[in-house]
Every structure is written in structure tokens, then in C-alpha cells.
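Take a look at the structure set out below.
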């Protein structure tokens, strides 16, 4: 026990809230369940902020590196002689940072949902699931070892599943949940195999041991090779597959757009701010191992990140469902973070990418949550997700409009909003590493600005649509979180991340490189300008553009047909070409053999009945023949 | 060749011939008579072997008793002139093959074996010795089988009587429940 | 009286008690009382066992009792438990208890039903406490045969066919087993010694390696058939599909575990050399089992078939782990047995309850049930999640232990096999979610479903007992794994001494 | 020879006296009084059975022709108990008008066959063996043909008699060769002189087939089904249980003593015959619908299992054979008893008629089920132990594959035994056999069977007792 | 008396007779002739016993008595057989063995 032991409460409070609200669901009338959940999370949030304050400020001796602290640890299960699964709490810069992100966004969503989910059937259930998610996510970020992370990783997956499938009576909602679960589960397979390899290569799960640059884990990197790469590299790539699944990296991203079937606060919490960055967090967590033990793996991370960011941005250009646009934008931004990690080196200035990635993670959480909650407020008002059914909403929803605009500017990387700072760091890191990646990111920055403002204009500008009833601003309980998050979006860029969250715990100085920043601002502005031109007022330009690039447009609109490919693989290949034959094989070959044996016995039984003819002379004949045969065999043959 | 030899071959020939005739003759009554000849010839061999008592028993019990019984029953169950139905050729051939194989194997085995006669002095099978053995209960005495055979004969007698006994009440009782309806088991 | 003997005596007394009952109410009451006592006794046994171990008793088997039964053949009634058997007994206690309540409304020939059910349980308990191969085999068969009546009389669908198939295949398995056991018996001691059936005695000596090579496949496959080893698993889908609820529960939950337990306790423990040599064949078969069962389950439409195939997959994992022959994998195998026992019993209980309401087991004829029977729906989801290996439930612990144990082998063959087995977790997710989605989610497909009633008290009791078991192990597995681990020591020592030429 | 020595034959003597008493009493009864014979006979037989349990020293009398020891006496007691149960079970059949005039003849013939068997298993030479065998067969043929009006009965009788005459002819021929090659008919003398030469092997085979006929081993079994079906049911159970048990017993004794030098040869032969017997018996039994015929074939398969015990050629083998016979008597008589009880009341003996029996006659069904399980070798009933020990003794000879085949066959046999269980418990019937009450005698008979089926397995002293009396090669 | 005749001649005769009897048993359709075939078989056995006794072991009379007993057994067998045959004749009005196949499968 040490001075951080109280942090145990941070995940446990939501857990008990989950148990209580979940079991007493029927008994909790009205908003009681929600209130309990919100209060519980409020406490957890407070404790998180206290921890951050304590860790970064009070307990930190200036100029020294941030050390990781094991606040708590118990043995959960002995696996092998060496490997033991522990459950505990690890406090270090990135976990504390994530603690802030998770608890803040979660708390906001809790408050927001009091309004948004009002009157829904199963209101308490919603809150119990939210608490479960918060518990799992907090457990994940606080994990002391890889296996604990995997445990909570799975729990996060299942809470995401439950929340996406919240409207379980809607078949699309459930199938989206199922898809999310299965795709991430598939990715987790990689994660698990990665853990198997890693743990048997290094002999430990523990993060502190694993990431020690001088520890056994990294030094054993030169171990046995398999197909040209060391086992450690394979392990890291497989672990990244797990991360890629959760973080919706190409090609495991397909679940994320569908996940928007869940209630919007859920999308904000899980599919924008917290769970989807778990992959980033995972790589960041193991960053020293990646950087020192498996540079090849890190390269894979970079390229996958870069490709995903471009790919998602291109799709986002053409989507009409506002939540999907946001979802693809999330993918794109996470791609940024991955890329940033991928181009980073270990220690000091080299670790700029690492810092930038975490920085972007942090700011992104704020503005993306804001965007989603804002979108939620819009949907709340017009009861539709479709852009074409929106327009001119700025006068009905002033607060939402303002906050949404702030978020858009932030994501477009316009200074002085926070997104500018974090994105700039990423671009710098990429620039120093690989020019192609850097180029891609420039392009993506422009695309981002364009599609965000396309979204913005489509919703809030243009003329009114035929609304069922006049849209009205959301209640205070929903707008306050918007405002808080907007505040965060604006100002979180000012946090001195390069002093707080670095690859080796030591701070370094960083400044804005205007040679890179200026063009990026310019690209952002161009993007906004084009969007303004095309979408501020209704005109024929978008259609013309779409027509000009009709192929590209259609491919983008259909998300490059990846879903269809998946459908083909799952429905056709797995169901029809594997499962059906297996079932057939089982019924007809395996079972058929067993039945065949039985039938053979019956067949024999029917075919020897001639022996029993009822004729005593035949009996005698058989008798005598039997005697003769026995004599022949045993007297003369043997 | 002595007279004994001739006698032996005569008996042997008649045994074999009449045996074959017994099992091939199509007239049942004739079969019975052939069987009688076989049995009598066998008795002749017993006489030749000096087992007079046994020969006498053979003649009285076998030839006299059993054959008479058989002939009576033949007369009861068939007409004298009736020709027996012959078994199908297939059955005959297979039976012949099996029995021929059996006979060949058995004879072969017999011929292979070197029988060694006992060196002990012979005991004459006269009535005195036979009688003595039949009532002696020590080693080589046959009192026990002799007693047991009486039970067997009694049992056979009772059995035969019980089977042959006409049941008066059954003749009239047409409504007697049949335990085994004849068609029930033809499955 | 020895506490272990009570495990056989109480069911027998219960059966005797049921004989005097008149109707359903009385007979189920007697059964419930008997099996509650049994459950409590299991709990006491776990407690006593743990205390005894903590007190430093290092004997391989505790609470032993030994009575000479057939002196001529040196057959004993020998009982004793180690951590593994204690765990299995506890599992059996829970499942049987839940099974009784799941069949609370067995109207037709209720007395006979409960008698058969409890006889089955007697066999299972007896099997787990036995140290003597003869009594073990005896109890094994006692456990199998009531199955025939239970499925044949109270089953549904092609029940006669299924019952016959199941019984005959399992008896075919016992044919193999018989050869194995007799072979072990005649080579149990070095030439000239007093032959013995006692497992502990036999383990002290090495059975000649040539005999092991001959006997191991017999023994292992013999038990494997009960453990649904591919390709001898086909009794399982049909049998489960036709069996009444409680019987499926007991069968999949407990009876199939006899296979895994036996394979471990007899085949591997007594013939480690041959096991090492021949393991690869069975590893291939069990790997196939694991994946094949899961793929088979995807395609099924009948809830029970789905679960039956899933059992093939999960039980395949048990045998897979047993064949990995190291401490971790063994521990995993035992936990998996318990975990699967609880989960699958829960599944079958739920399926029975749902079937009792909707009168169909075809998933495409159902839908949206979550709304009308939320309790059963939620528990079904819990069972599903447990089955697909979610942390917090027992399945996760078991699977992870197995995977880590299996991966401990450094050679490529074992590792590839492990990865094949690991991949089943995704396929499992696919079919579980497919069922949950079709069955519980979505709109209500049939308006008759609107009038369905949610679970009764006895159904709740039955399911909650099992859920508690699953989560308890899932959340706090350490005590269980330590209990098992300790008991594996003799076997591990034995395996460590195995020297094989050319391996 | 003193009186004490004569008393060694007390079973045979008592039975003979009983037979005579029956004949004499019968002469003094008119038609209406014939039924009185039932309690008298059963009472007398009970006395004989009880006396059989008085311990007795081992004796060899008549110069070795007759010997008795603990094992033989035990076997006689087993047979006595079996016959006693059969007597109980035959009462209701005897009371039917068709048979009521022949009650004392029935008892008389049954007792004489039992005398024959007693002599057979006590025999110390081939003459007594043969004589016992015939005494045990000829009256049974008369019994099989007992029901006049039933053509099947007569058919069964003549088939039994002719087949058995053929088989005993071959057996006799074998004995003549044995005599020719050894010069003696006494077991002890022959045993010392018997070696593995062609003639003696041939003689042994002839002898063996004759015995195999009695035990109905394949391919010498074909008479069994027809005779069992045609004969009155009590005679069928007598044939399938008592005759078979006695013959199996003496076969084991002879093989272990007289022909022990031939063991290497006859083990192979028994292997072959055992496999054939079990398999063919099972294959036939599978399809039978007539319960008697069904039990006939099942008893053929059971005989195959008995051979497994011989293969051990050791003490364990003999013990297991005797033990199996004991268990088998109770199991099979339980089954036959139920069939007989139902046939006596309803005249039905097809398996289809048994549909839904449990609902109307639960006790009979339960006993039937227990018997079936016992025959199939399912624990906890005694049959399991019987089979298990037979397998053990076969395994002790190293015949693992044979054990495997045997257990597979046991599985097949389980199939058809379960068919009966299925008919009674699972099948539904529109016209089930109505609920009925059997008479007291039948009930006692059935209860004895149930008791035996349950107790013999768990009560290990029985096995120990036998084991202490047994011997091996 | 006939010591100069080899033992094997007798054995061949008896063996042939034995198998002729069996052949008769297997082919004769009439129950009574089957019975007669049985008598042939028994008779051949008797010859064997007697000849063995006389030629090989004349010191004791085992074979002789065996034959004697066999004759008696044959008689009782025949008695019962004929009783049954007559019974059958009453029922079937025929004693052809081919008619006796009410029970088969």
C-alpha cells in the first residue's frame, strides 16, 4: 500500500454502481438510476483529477523523470511457474492522462445522457452499462500488466457490445453490436497470440519489467526468428493487430461506422473518445518495447495509421449520416495518432511522436466527444441522422451551433484551438521521419477540414427542412457538458504535454515549427474555404463534383466496398463454405459412419437368417461342417 | 485267408453295404430291415471278438427291441408301399461332401496314430466277469452306471407314456386357448 | 462414516426415499432435500479439504477409506480425493442441485424420473471419489445407463434413436476402456506382485512401455468418447437434443467430464510414457474437435444442437489440455471442465425453460424474447458471454490457463496446435452472438410470445446457482487453481521422470 | 464302501427318492387331486435343496467314477436353486387345464434330468459323463414335447432329441477315440496320458462339439432357437439355464483336468468359437420379436462369454465361469419368469405386446429391466460382475483383443436388451397388457430372482467362496 | 480269434459307418429314418469301443461296458423319439422333417 492506494476506488466505484443499478434495474424509478451512476462517476472523476494533480504536481520533483508507481497489486491466477496474472493499478504519466480523459468524457456523457436518454425504456440499464464501461475502461488504463489489460480489453469490448446493442429490438442495432464484437474479437485473437508469444519470450506480463529499456524483455529481442522476423517483432505486430481492432484501423475498421447504431452519448464516449483509442494506448504502453525491440513492428504501426487516416478521410467526404461522418473522422484521427507513434523514436526529442500522439489523443477526446454530443443534440432536435434532413439549424440550436463550430475548427487544426497544437506536433514528428507519411498527413489535414465543414454547413446552414416539430435547443443538462468540452477543446492545447507525457518520462522542450505549421494552417483554411464554397448555400457544385469523380465518389460512398468483402467472407466463406460443409460432414460422414456401422450390423443380422431355416437337417449339416472345419483347422492346419 | 478272415470281410461288407442301403433306400420299411442286417452283422463281429454277452445284448435289445419298435412305428405312420421323398440333390451333395471330408480326415488320423496294445493279460468277457464288473463298485466296476441307466430307462418310459397318452378332454375342447397361435411367430 | 462414502450413500437414500413417495410434489421435495444436502456436503468437503491442506497434510489423497471387496482379485472399495476430485464433486453437487430445480414440473412418471436422475448422479459422485479402477468403471457405467431411460422416456424428438445411439456409443467406449483397465490391472505391479486396481498403487510402478503403447489408445479413446473426442462425438448432439432439460444439464455438465477426468486420472497418470509418445495423434484430433465443434455450431438452428456442438468444442479443449501434459495445461483442463460444466448446464437449463414456454427450439422461429422474458434473456446472455470466454466468468480463466499451458511447449507442432485452438474463441463468439441475436434481440416474431411469463422461483434458483458458480470462479480463480495445482504435483513429478528415447 | 461314502451322493439319492415318491403318490390321486402334487413336489424339492447346503467332505467313490467336492457341491446347489425357481415359475402354467393331468410327470421328468446333471457334474469318467448327459437330455426332450395340442412343442421335442442324438453320437465317437488312445475312461488316468497328437486333438474336438451342442455354441447352436421357442416356457428356461450351466461347468472341469495338455490348441479353438458365438448369437438376437426366441439367442451369446473364462485356464477362470453361471441363472430366470408370468396370464409372448408394460405392470417391468441389465452386464446388478470377471480372466491370459470383441458384443447385446426395456418403458401402446396379479408361487420365484440379481454382485463373499473352491491348470 | 485282422480295418469300417449314419441323418426326409441313422452312428461307436477294448486294452472291460450302456441309452432314446414322432404324426399327419419348420428366422 502506498499513497495511491485510494486509486483502487476509481474503477471500483463504477463497478459497484454497475452491480447495484444493474440488479435493481426494475426498482429504480425515473432518473434515479442515472443519478446514482452520475454521482458515482463524479466521485471517480474527482479522484482522477486529484490523482493527476498529485502525480504531476505535488509528488513530482522537478527535473526528474516521472516514475511509474504500482498503487496496488494482487495475484489473480498462477499460470505457469514464471507467469502470474496480477491485478493492480499502475500510475504513470500516460495512465494518469488517460484517467483524466476517460473520467472526464465519461462524466460528461453521464450528465448529458440524463437529458438525452430521458424517458427511454431501460434508462437504468443504460446507466448500468455505462458504469460497466467506465469500470472496464478505467481498469484497462490502470492495468499493471499486459494480461490485466487483456482482461479489461475484453470487458471494454463487451460493454461496447452491450451499449451498441442498447436498442436491441432494432435488428440493425444488434447486428452492429454483433459485428463490433466479432471484429474486435477477431483482432483480440491476434492480441492474445501476441501476448502468448511475448510472455513466453520475455517471461513476464508486467509492464514495468517489459518496458524497462535495460530489462530482459527488450534485450531478449534477438531471440528465435520466424519467417525473417524475430519472435518479439511478431508478438508486437500481433498485439498491434489487437490494438488495430479496437482502434478501428484498416482493415479492421468496419465495425466502427455500424457502431453508430448505439445511442449517441455512447458513440461519444466509446467510439470517439475512449475505447477506440485503447489501441493507441496499448502501443503507447508498450512503446519502449516497440521502439527498442521491434522497429519493424513500429513501422507497420506507422503505415497502417497513415493509410487508415487517408482512407477514412476519403470516405468521410461523401457520407451523409452525420454520425458516420464523425466515425470516419475518428478513424482518421486515430490513424494520426498511430502514425505518430509509429514515427517516434525512444527518449527525449526522438520521442516527439510519442508525446504528440498522446497529446492528440487527449485533445481529440475533448473535441470528438464534443462533436458527438453536439451531433446528439442535433439528432435530439430533428430525430434524424441524415444530413439531407437537416439545415438551417443554427438559429434553433445556438449553443450547439457554437460549440460544434469550435469543435470543427479544432479538428481542422486552426489555431489557437487545441487541435492545432497536437496535430502540429504530429506533423513535425512525421516530417522528421518519413516524407511520404508527412505528405499523406498534409493531405488528410486538408480533407479533414473540408469534410468537417461540409458537415457543419449541412447541418447548421442552408434552408430549413420539414421538421416534424420546430427544433429546439437541448436542455441545460445536455448543453452544459457541451460547453465544458468546448472549453476543453479550446484550451487543452496549452497543456505542457512535452513535459508531462514523454516516452522516457523525462520532459523535453518543444516549440511550434512554423515551417510546418503554417502550410498546415493554410491547408486547413483551404479545406474550409472549399467546403464553404460548396456547402454554405445550396448549389449544384457538390453534385457536379460528384459527377466528375463519379467512380471515386461511388467507391468512397460505398466505403470502398470493404463491408461487402467482409460480408462475402463471413456469409459465403465461413457460413457456406466452412460451416455448412462441416455440418454436412458431421451429419453424413461422421455420424453416417456410426450409423453405417449400426446398419451394417443390422444388415448382417438380416443376411444370416438363412442359417436359421427351421430345418433340422440343415442344422445337422452346419454342425457336422463345423466339426469338420474345426478338425481341419486345429488338427491339420495349425 | 482263414475262415475268420472271410467271416470278418463278410460281416464288414454286409455292414457297409447295408448301412449305405439303410440311408439310401427309398422304402422306409426296407431301410429298417437293412438296419436290422447291419445290427446283426455287428453282433456277428462281437461274436467273433468273443464278446458273446455283448453280442447277445446287441441282438436282443438292438435288433430285437429297437428295430421292432421302429418297424411298428413305421407301420403306424406310413403305408408300406409308400416311397420316401428324396432330399434335394444339392442337399445330398453337400452332405456327402461334408461327411466324406469328415470320414477322410478321421480315417487319416486313425491311420497316423500308432496304437500301442496294453501288455497286461487279457480278461475274458464271459458272463461271470461281466456280471462281476456290473455289480462291483470299485475301480473298473460298473455298478454306478448300471444303476443310473435304470433311472434313464424309467425316465424314458415315463416320458414316452406321457407323450403317448391321449388326452380325452382335449379332443372335445376345441375352444382351448392356444398358447402359441401358429401364425404368431412367422416373422 | 467416511465423508466421501456419504456422497454415494445420500443419493442412494434419496432414491430409496423417492420410492416411498406418491406424486410429483413429494418426489421432487425428497429429491430437492437430498440434493441440497448433497450440495451442502460438497461445500463442506471443499472447506474440509482446504483446511486440511492448510494444516499441512501433504498426502496425495485425503479422506481416504479403503475396504477390501473382492479379495481374490484385490478389488477394493477405495475412495479418496485430491483437489481435482474435490472440484469435480463440487461441480457435480451444483449441477445436480440445479438440475433438480430445473425439472420441478416433471409431471410424467415423476418418481421414476427423479430416481433415474439421482442414480445418474450417484454414478458420477462415485466415479469421482473412486481410487480403484474397478469401482471407477462400475460407477462410470452406473452413470451412463440411466441416461437411456431418461432420454428414452422423457425426451423429445427422435428420442429412441438418440437414446440408443448415445448408450451404445458410450458403451462402445467402455469396451475400449475395459481393455485398458484390465491391461493396466495385469501390469499394475512388477512380475509376481499382488495385482491391484488402485490408482495410487499402480502409479508407483511403471507399466512396461510396450503394454503402455497398446493400452493407452484404448484407455484414452475410451474416456475420450465420453469426452466427445472427434470423431466419436456424434452421440452428443443427438443425445443432448433429445434429452429432457435436467438430463442435458447433467450429461453435458457432469457426465462428459468423466471423460476428461478419466483420461487424465487413468490414461495419462498411469501411462505417461505412452501418453508422451502418442499425444500428437490425439492433439490433432482434439484440435480438430475444438474448431470443428465450433464451426458445426454456427450452422445449427436447434438451440440444443448449437449447445451440443459447442460442448464438443469445449470438451475438446479439455482433452486438448490434458494432452499437453504440463501443470498449467492440466490446471486449465480441470478448470475448463468445471467451467464448461456450469456453463453448459446453465445453457441447457435455459433452453429447457425457453422451450417450455415457446414450444420450439428452432432459433429462426423465435425472436425478441428479451422483451418478454427478461430474466431468462439476461441469464442467457450471461451464459453466452461466459461461454465465449469473457473475463469475469469461468470460461475465460479456463481457456487462458489452457492456452498458456499449451503454449509452454516450445516446439512448433504444439504451438501451431495451440493457435488453432485459440482461434476457436472467435468462432465461439460468432455462434453465440448469432443465437443471442436471433433468439433474444430484435422484434418479437410471434405474437404468442407476448404472453410468456418470466422465470418462476425454482427456475431462478436453478439458474442463479449456476451463474454464481460461473462468476465466482471467473472473478476469484486463485483458490481453485491452487487447489488443483497442488494435486498435480505427483503427476508432474511422474512426468518429469519420463525419459523417452528419441523424443 | 460305507454308508457315509454313499451319502456323498446325497443329492442324487434324494432326488431319486423324491422322483419315486412322486410316482407313488401320483398313483393314489384321482384327476381332481392332481394339483396337490404342486405343493408336495415343491416342498420336497425345497427339502432337497436345503439339505444340499449341509457341508460335506470331498469324496471319490465307485473307484473314481463319482466324485464330489466343494465346487461340485456348490454347482449342484446352484442348479438346485435354479430348478427351484423354475418350479415356482411353472406353477401357473401347470395349473392350466391342458397340463393339470400331467403335473407329477412334469415334476418327475424334471427331477430325473436334474439327477442326470448331478451325475454329469460329479462324474469322474467319460461313461458317467455321457450317461449323465443323456439322462439330462432325453427326459427334457419329452418335456419339450410336453404340450400335445401344440405342434410347435412336438417339433421342439423331436428337434432337440434328434440333434442331441447326433451330437452325442459325435461326442461318443470322440470318447471312443479317447478310450482307444489312452485305454481308460477315467479322467485321472486319461489326464496323465493325454498329449497333443492329431488323434487326441481330433478326439477332443469331437468331444468338445458334443459339449458345445449342450452349451449351444456357434456353429453347434442351431437347434437352440427352435427348441426354445417351441418348448413350454419353463422348459426353455430350464434348457437355457440349468442344462447350459451344468454343461459349461463340466466342460470347464474336463478341460482343466483331462485335456490340460491340449491347452495351447484348445485356447485358439475357444477363441474362434467364442467370437463366433457371441457375434452370431447377437446378430440373431437383434431381430427377434418372440420373447422366447429372443432369450434363446441372447443365451447363445451369453454362452460365448462363458468361454472367455475358460481361456484364462487358471483359478480365476474357473471361478468366473461358475460365478457367471450363478449370476446368469438368476438373471435369465428373472427374464424367463416375467415372460412366463405374462404368457400364462395372457398368452402373449411377442415383444410388441410388451409395449407400455410399465404403466400397467410396473413390478414385472422393473424385474424384466433388471434382468436385462444383468444379462447385458450393466452395474450395479450382478451381471456386471459376472461379465467383468470373465473379461478379467480372459485378460489374464493376455487375450485383450478378445476382451475387446467381447465387450463390443456386450454392447450389441445391450442394444437388444434395451429394445425390451424400450418396449416396456418407452413405447406407447393402445392395448397394453392389462394389469394382473400373478399367483404366490410365481411371485416367490420372481422375488428370488430379483434378490439374486441384486445381492450376488455386491456380496463379494459369494465370489470368494467360489474362488476358494476353484482350481486352474 | 481274429487277431490277424488289423485294428485299422475295424476302425475304417466303423468310421465309414459313422459317417454313413451322419449322411443319412442329413439327407433322409423321414423322421424315422433319421432315427435309424442315429442308430447307425451309435452302432459304429460301439464297434469302436469293442474293438479298442479287444485289441488294445483287453485287460479291462471299459469299452465293452461302454457299448453296453450305449445300447441301453440308444433304446431309451429311440423310445422317447418314437413317442414324439407318433405325436407329430397325430398333429401333422406326416413325419417328413421338412414340415417341421414352423419356427425359423
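A, B, C, D and E are the chain letters, set down in written order, and residue numbers restart from 1 in every chain.
The rule is simple: contacts are C-beta pairs under 8 Å (C-beta built on N, C-alpha and C of every residue); 3 or more make two chains touch, one makes a residue touch a chain.
Quantities reported herein were computed from a predicted structural model and do not represent experimental measurements.
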If a chain touches chain B and chain E alike, it appears here: A, D
Dominant interface by contact count, named by its two chains: B-E
Chain at the geometric heart of the assembly (C-alpha centres): C
CA centroid of chain D to CA centroid of chain E, Å: 27
Chain A-chain D separation of Cα centroids, rounded to whole Å: 77
Separation of mean Cα positions, chain E and chain A [Å, integer]: 96
Centroid distance [mean C-alpha coordinates] between chain C and chain A, Å: 37
Interface hub residues of chain B, defined as touching at least two other chains: 87, 91, 95, 98-99, 102, 105-106, 109-110, 115, 118, 140, 142, 145, 149, 152, 155-156, 159-161, 163, 182, 185, 187
Where chain C touches two or more other chains at once, by residue number: 168
Where chain D touches two or more other chains at once, by residue number: 127, 131, 134, 138-139, 141-142, 145, 148, 151-152, 157-159, 162, 166, 170, 180, 183, 198, 202, 225-226, 229-230, 284, 287, 293
Which pairs of chains touch, using the document's own definition: A-B, A-C, A-D, A-E, B-D, B-E, C-D, D-E
In the complex, chain A residues that touch chain C: 75-81, 83, 85, 147, 150-152, 154-155, 158, 165, 168-171, 174-175, 178, 181-182, 185-186, 188-189, 192-193, 196, 199-200, 574-575, 578-580, 582-583, 586, 590-591, 593-595, 598
Residue ranges of chain C in contact with chain A within the complex: 165, 168-169, 230-231, 233-235, 237-238, 292, 295-296, 298-300, 309, 326-328, 368, 370-371, 385, 388-392, 396-397, 400-401, 403-405, 407-408, 418-419, 422-423, 425-426, 429-430, 433-434, 437, 440-443, 477-478, 481-482, 485
Residues of chain E touching chain B in the complex: 1-2, 4-5, 7-13, 15-24, 26-30, 32-33, 35-37, 39-40, 43, 46-47, 50-51, 54-62, 64-65, 67-69, 71-80, 82-87, 89, 95-96, 98, 102-103, 105
Chain A to chain B touching residues, read off their complex: 617, 621, 624-625, 627-628, 631-632, 635-636
Parts of chain E lying in touch with chain D, wherever the complex brings them together: 18, 21-22, 25, 31, 34-35, 38, 41-42, 44-45, 48-49, 52-53, 56-57, 60, 62-63, 65-66, 69-70, 73, 76-77, 80-81, 83-85, 87-88, 90-92, 100, 102-105
